[in-house]
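Two complexes are shown next, each including subunit A; its partner changes from subunit B in the first to subunit C in the second.
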Partner chain A sequence: MEPFEIIIEYWPKLLDGALITLKLTFLCTLAAAIISPCLALFRVNASPIAQAPLRLYISFIRGTPILAQLFLIYYGSGQFRPLLQEWGLWSFFRDPFNCALLTFILNTTAYQTEILRGGIMGVNLGEIEAGKALGMNKMRILQRIVFPHAYRIAWPALGNEIILMMKASALASVVTIFDILGRTRQIFSRTFDFSIYLWAAILYICITAIFVLIWRQAELRLNKHILPSDHLISADDSFQSTTVKRLRDE
Partner chain B sequence: MFELLSFGENGWGDEILDGVAITAQLAIATLPVGLFIGFIVAFAAMSKNKPLRAIGYGYTTLMRGLPEILTLFVVYNGAGLLLNALIKWWSVGAEPIDFSPFIAGVIALAMVFGAFSAEVLRGAFNALDEGQVEAGRAVGMSPKVIFWRIKLPQIWRFALPGLGNLWINMLKDTSLVSIIALNDLMRMTKVAVAFTKQPFTFYLVACLIYWLMSLLSEMILAKMEKNANRGIRRV
Partner chain C sequence: MSKPDVILEANDIYKSFGNVEVLKGISLEAKNHEVISILGASGSGKSTFLRCLNFLEIPTSGTIAVHGEPVNIANGKPTNPKHIEAIRSRLGMVFQQFNLWTHRTAIENVMEALIYVKKMAKNLAREKAESLLERVGLEDRMHMYPSQLSGGQQQRVAIARALAMEPDAILFDEPTSALDPELVGEVLKVMQSLAAEGRTMIVVTHEMAFARDVSSKVVFFNEGKIAEQGTPDEMFKNPKTEAFQKFIAKI
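Our next item is the complex of A and B:
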């Protein structure tokens, strides 16, 4: 094992893989962030019969391995090749990146919907009543009361889900996508130097750690008005003290 | 389509069932190993010894941040290399051996399960009512008896929902071992697909079987939770 020689030679490839991993994670999270609020609202408000298909979809996604879902879409679409060609969709399904992205979007949307549903159900009914009393219409109440609160409640769980999705995106390497793990396996098959796996592990941990830091900062910002003031000392106090100092100097 | 899934010479039913058996064996073999690691790591993270605590927290942070499939590759390739290096060091002329993918699967899945379950167990320990432990001491129970009679049943009750989720996650993660050439459900499905050229049918069947296993687990877990919570006052 020559860990440093390996990383010096192959770091551009590994970084390339990291970009693909980040791209996959970002795109599927973004798509799910757009779809899941609508589905979550539907899950909270619609009648049990109307939401039966949605519940079935969520149960299926949560009850099956994401690898099986990926194979179902990537290899399974081959069974319908003539039909897909007729509809002009074959060029989409032929590309492993599209299939992986579609699988991950379907997967994380189901999880995010359930998380957000929990958030919406956790909103204090009294606050919604207060909104009604002030004459807000339904849209306003959703926009000003329900969703801000629901996201505040769901924020940590959503962060966990995004991390899980980032980790699951490593499965894309199985369908020939060169993300971090895909590059790592490629380099390993060339060099048989095991240390490249350790570098990949470090890279994944770094991405997770940076994401956790960003997410926590965002959470503090979201909850600024509720938190006891000492939580904000780091941000506000330093600001205050510098302003005060400047005023004094003047 | 049903012909393809029938048992015997023409169908793939029995092959797929063999795969289901391997998947089930793998999950069941992983559970005790994973729980054992979970308890050890939870105790380490709660200990008064600072370095030990750091190791406990470090382990959970590390394992939870790594993709399960990377852990599996590291264990499978790494342990294989290590084992062969040891054998070579022992006797130079020895034949290199293949590390069993089943054992690699159990170790990797148990390492992941251990890290997540340690967090669940730690939460359960923290949720224990101190007063009950004191009550046990007051009636003259020894620490050992207190652990078995008071702490463990309650930890079980608090940890069961979290451990149940982890069990289902682990059951699904067993599909990853198909990548390191273990003949589990996923792998047998792949073989069937290669022969029949009906990928959608077979992967759908595999999905349905996993789904069934998850739903069955959920049902059993709900029963176990009910049983663990008997005698608890509902508000």
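Our next item is the complex of A and C:
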């Protein structure tokens, strides 16, 4: 078959796979976005003893391959089937999609926590003190000062992590999930036409490119307070404007 | 503690960082309309003392009262920490490094605490912020971000931000020390006009002219203690302690 014939015949299946890939990526990013700010704050503020379990978890996730983590949950849960059944959790672990999703949530949460911790630690202490001095309470200071800065600082690294996660989600195909790669392998096993892998690669590249475009727009918005003004370019603006120029040119 | 015209009273404040004792029993009261300049060499504890007054540093021991509501501190723990936020909202603070929120425009910096601490409606907060920025001469810079303002302009926004809370007293922590020499004047002018309005101010400064001409009382810190205090006239014309004589001779 010609490369175009194969895509004309199989594009609905490939698109179907893309939806699964996007669903996995979106759901695990969403969960991590909710959990990681709390964990990151804990990493910054809690005593070393209190955060020992958290550090152990992060070290484990960062120190082992994501495929091994997926096998641990997917095949490992089978070992504990009676126990999980007793707890009413078996129906969750029986579904490979859930196993993959849980693995990816655990994985990306660990990374995003560390990224955000760096962001929080990069916030100018003086601005926090200014909030305190005006009588703002802790929640307000976090909401209005700490997190807006922390996310701005962490933004490029967070985007990187989401892209890595999107591509890592291809591992889900190993546990019978028909994401982009899963569908591609299925189509290949029927047609023995290698070009379907090229189409899959193009699809991954397109998703990444669109994501990068959106992410960069958001980044420019987050950085709008350090865009050079037309009215006043002073000496200390020159550093910032080169940063912004670089962002725009990329 | 219920002298009616005393706004702020600090009693026997001690502060240590680890083994280093920075403040060794400082007592100071600020009466209504008083402008107190705190002078001293670097390391004398003057900034630390100012930061203790609104609990940016928690003193090791002592008592701080704003309008007669005292907070006692023993072993580095305030007895009623819930009072601290209330005290802070009654004391304005202007920092050496301005500490404006860089992700918000000048007017947003001024509105922030009005909305989130005073719970003022947004449109009212905006009106108030506009008039305060006019007051410090920045009506044409309201919608600029701090990175687009000069140091002197940033410090004036910071003063407007402190004024917005209608504080009983304003603390200034070396407000002109981070400024280029040609920008010092515009900030001092604003501070001078605040003094003329009768605001209660405590100013840690190296500006001798301000201490001499604007303040009603000068306090000289030396090695964590108040070495000498009095009106600027008696202090500068007739310095009593050797430490203060040396200090003004250097400048």
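FYI, the second predicted complex is superposed on the first by the 227 of 250 C-alpha atoms of A that agree within 3 Å, B and C clash if a C-alpha of one lies under 4 Å from a C-alpha of the other, contacts with A are read in each partner's own complex, and residues count from 1 in each chain.
Convention: a contact is a pair of C-beta atoms (placed from the backbone, for glycine too) under 8 Å apart; a residue touches a chain by one contact, two chains touch by 3 or more.
None of these values were measured; they are calculated from a predicted model.
Judged by the number of subunit A residues each one touches, B leads among subunit B and subunit C.
When the shared chain is aligned, subunit B comes close enough to touch A:A170, but subunit C does not. After overlaying the two complexes on the shared chain, residue contacts for A:I34 are found with neither subunit B nor subunit C. With both structures placed on the common chain, the touch criterion links A:L15 to neither subunit B nor subunit C. Touch criterion not met for A:A50: it reaches neither subunit B nor subunit C. With both structures placed on the common chain, the touch criterion links A:R185 to subunit B but leaves subunit C unconnected. In the superposed pair of complexes, A:R140 makes contact with subunit C only, with no contact to subunit B. After overlaying the two complexes on the shared chain, residue contacts for A:Q69 are found with subunit B alone; subunit C is out of touch.
Overlaid on A, the two complexes show subunit B and subunit C touching no common residue of subunit A. On the side of subunit C, the complex with subunit A involves touching residues 54-56, 85-86, 88-93, 95, 97-105, 112-113, 116-117, 144-150, 158, 161-162, 165. Interface of subunit A with subunit B (complex): residues 59-60, 62-69, 71-72, 75-80, 163, 167-171, 173-174, 181, 184-185, 188, 194, 197-198, 200-201, 204-205, 208-209.
In the complex of the two chains, the subunit B residues touching subunit A come out as 62, 65-70, 73-74, 77-78, 81, 168, 172-176, 178-179, 186, 189-190, 193, 197-201, 203-204, 206-207, 210-211, 214-215. Taken in their complex, subunit A has these residues touching subunit C: 124, 126-127, 129-137, 140, 144-145, 148-149, 152, 224-226, 229, 231-232, 234, 236-237, 240.
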